[in-house]
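Mind looking over this structure? Questions follow.
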């Protein structure tokens, strides 16, 4: 049986086609504003082609993410938290928490013994867009996303930026550049600030289990962030190979139910 | 750096050392309305809890919308920076302070604590009775805690030490009244802050030394004399930025500055009433100045007495008492044609960002004071 | 999914309520009165000056603006902001006093400038400094006051001076107003009002108790329309008394006959104070999930201070009862009214009686809670996160939404909020009822 | 993310006229972009405008080199140079620095003519409002709240998210019939999810287009700027009013979506810019440099 999950985020669309609970195809592309519904549909068709299945061959398609309502072609939609939990259980059979860090949102989902969601936390407004902020800083510092992912916070060597607000952090980072701090130290400080904010979301309600927590979302690809977050929070996250597809995968899994 | 500045920088070491030396207890307090004299009379060292920029670990779980200062106060306790404090005391002041106090007790229930209600309406005929009864209760509670209730002689001794401290600090401020002041704004602020975290008797000795040394210093050449008003500040970072631009902060209207050093305890037979009256009559913070609005007049007097050319108003983000006083202060300054610059500050104070407005203010007061490269910090 | 689980019908007393409200509106539009900035609850003496003086609180004025005209409120806030009032201040304050700076009211008419200021003490720091915009604009007479709060057990000895202080402050306000404005204080009317207050509190309690029933006969939506009547709007005491009596009777009848406020009720949630008037459409959105709001400590303000008794019933918290003394003088009446030093409903609930909120949740059988986090308002935000943790411990699922302040809807990220509601409801296994 | 949408194309310009006198240079090293201008005897000779990366010094260096090349000059021809802007201290070639407020005030009189009394500098990180006398001295100034930082950057980000070139977003936002209930007028970081959220379907009756999203975002920025401009001269009673003519400078001055909305609220038309308004700071710095060699 084929099912599909489509995650339309603020920044990127992610699509996963599942065949009997294993990934047959996965694709991603920028969301692109108003056109995101159409773009998702085109991407969906491309993914189907890759998976070698026609639309009729798909049992069910579920959309999720901030733009889930734009996916008219899907059979329905589910909230991100339920998809996150399903994905976490897929990657780790007895997962008790799912953490998803995307361009805009950070979510922490607690999962009960039966797989049901027992608690959810979304980031506060004052730390919205952490992923975007990180990306913007990378651009600013002329690092590729891959490059900045390799710069650990230790490289900051004591310099810090505001950890209360990503906008103030940017101001502080600019000031650091202004006084001649090397750009990799600035990158380290920005990574540290990201990790401090993330750690505080993790502590907002239920603290995720140290060994049974799955981390997904685009930011989970950033090694520097995940390593430092592991160290700071003490959680040994399970991070799948392509974490950005986590929520889409969860939707596809739910489509099979 | 003077000795007091050194103690401020190593205040935790000082406090730990004081404890070892004297075997006494240490009380952390949140606001300058805390009647330190009573605690000091009981042999307890009151230590002001000062915020700084440090990484936030848990405040999001427990707080929302607080200013960074109060968030950091909670953080510091949670992190163990104040592991030497035996208790904490709050007074009726800004609600964020109260929140920091209350939440700290959730995190650290083992701390001894007390709350002194200092009336918000300070001017009523009955306010002083409330204040006195609160001080009496505080004295009794301290007695239960330490095993010895401070008597009149203890209170007299404390009043003497504290009055002496305020007098010495005022002498320091007095030196800033004229051109060629020997002391920088940052040093003065550091000195006042240092006095809040140490034994006043020891502080007084160091202050006397400092005064003697200061009075023989060569005069500073400052291009512009500025006044600093606004939310509570816990360091002299802003004063340092002003100095880097060739100007100097010569007077302040801050809780931690003039709010701390003005007005002595006028002795009377009822010691508690005497102490209470000092706190009801001292220059009030923006929060307590809520009915007859005396701040503008006081600010004007400071400007005149200390010959300030302009005013910097630095408001902490999410500081509501100062957010609500701005209209009144701006009106005063506009009416009296005083140049001023208002800005929001947060836990970090990036240099260029902050310097821009201050430099522009200096240029408005004295055009052409723009500094050549190399002279800047 | 069944949409209609319970029978439902509109409240019959609704029209009468509207009438009363209109009458109240009209009465403050009446230019014959002196206007005082202040809080009616904290100024229970004000009916003594009924013929000459009206207390107009900026809270409801600002809230009303936010709900009626977003663009006017925004303009008013800008007027406040450019004069230096911080953006992190309460939207109610900035709306109301911003309009003062604009010089006009929402309807285009001239702004009703205040003749005096009776600031109400500190439920919130911003209340304490409340009214400053009208004081700063012109040197109108103003008075101060205190609402002492101290943590820990209530200490009667400590309270003595505090009560004296409060009594003195209120007596002084009355005497001063008589002297400054040359208007006579009607002691009888004042005493009458103090007595009415106790009655209203009993009615309020009854309504709160009826709302603990499943299905609830009233929802928070209805409460918002009613709580400004009565205690907050002091009209003719007999009329108010009569109205509340009929109201309680109708709600009692609804409860007896299982008439629900929301037909699809299957999930009950509480909320944090204060309410945002523009929330109405979100209540409706939540109703599409079968979720009904049973109010907050704030919207049950009429019933006084509540706690859950041993038998599980909701009743008044034990507070110092007024001495059983005949009321002869003005001072007697003030003392009858001020029986406690500490005992404001919110600040002390947050600090001294942390169980108050969990009791509330238990009493009203709440399954979940929406705790708004208002960035710009101390009293609105204080301890909200801690309270949420306590509710979570009890097993309630708590949803946080963020905004500036109930009087300022610009920061209310509507789409983000709806997304969160969906996630909150659906992750608890609730789906939208089919035919909404 | 496709980055190009949010960025203005870089420009180099030279008047091509012959010029006499002593060429001087002014550079404005902003948080987002850098301008270098070469002036001689009060005439604009050449300029270069480019985005800056992590190295303010290098960006300023490049800008100067490009401007010099356009003017056909070499480094040695420049008598003196002043740097202004956030990264002014990194411009190693500058002989002196100056703060932005003074430079924008001086520059505005050059760019908008001597009638200008209020300058609104809508920058990448900060909004600055400057009030001028009728001679070239700053009377008063206000800088945006810290909590309103990054508005210019926010607009770039919106352009990137919607994949619409930044040169078009202003006009497109004006084609929205009515400004939607704005998103947060508090913080640019609150703005993105909220404005993008207008695209959410299934709750609202009206359907919003990309232009509406842009309109909401522009309104946010314009409203925030009004908060800063209005602080210059609030009246006792009444709406914001400005005495004298207004000129917009900085990156967002080129965005009619923002400027038109501010004009509409203030009920006035801003002065037309004789030169690219983004050059204002650099021109002001160059004018100061001229004074350095020719004190009045």
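Just so it is clear, A, B, C and D label the chains in written order, and each chain counts residues from 1 on its own.
Assume a contact is a pair of C-beta atoms (placed from the backbone, for glycine too) under 8 Å apart; a residue touches a chain by one contact, two chains touch by 3 or more.
From a predicted model like this one, the values you see are computed outputs, not experimental measurements.
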item	value
Touching chain A and also chain C, the following chains	B, D
Farthest chain relative to chain B (centres taken as mean CA coordinates)	A
Gap in Å, rounded to a whole number, between the CA centres of chain D and chain C	46
Between chain A and chain B, centroid-to-centroid distance (C-alpha), Å	45
Length of the line joining the C-alpha centres of chain B and chain D, rounded to whole Å	39
Centroid spacing, where centroids are CA-atom means, of chain B and chain C in whole angstrom	36
Numbers and ranges of chain A residues touching at least 2 other chains	66, 124-125, 165, 168, 171, 174, 178, 205
Residues of chain C engaged with two or more neighbouring chains	83-84, 87-88, 373, 375, 389, 411, 413, 415-416, 419
Where chain D touches two or more other chains at once, by residue number	86-87, 89, 145-147, 190, 193, 197, 200
Category of the chain touch graph - line, ring, star, complete, other	complete
Footprint of chain B on chain D - complex, ascending	83, 86-87, 89, 94-102, 126, 137-143, 145-147, 288
Chain D to chain C touching residues, read off their complex	145, 147, 181-186, 190, 193-194, 197-198, 200, 203, 223, 226-227, 230-231, 234, 237-240
Contact footprint of chain C on chain A as seen in their complex	66, 78-82, 109, 116-117, 119-120, 122, 124-125, 205
For the chain C and chain D complex, residues of the former touching the latter	70, 74-75, 78-79, 81-84, 87-88, 101-103, 285, 404, 410-411, 413-416, 418-419
Contact set on chain B toward chain C in their complex	60-65, 92, 94-96, 98-99, 102-103, 106, 113, 115, 117, 119-121, 123-127, 129-130, 132-134, 137, 287, 290-293, 315, 317-331, 342
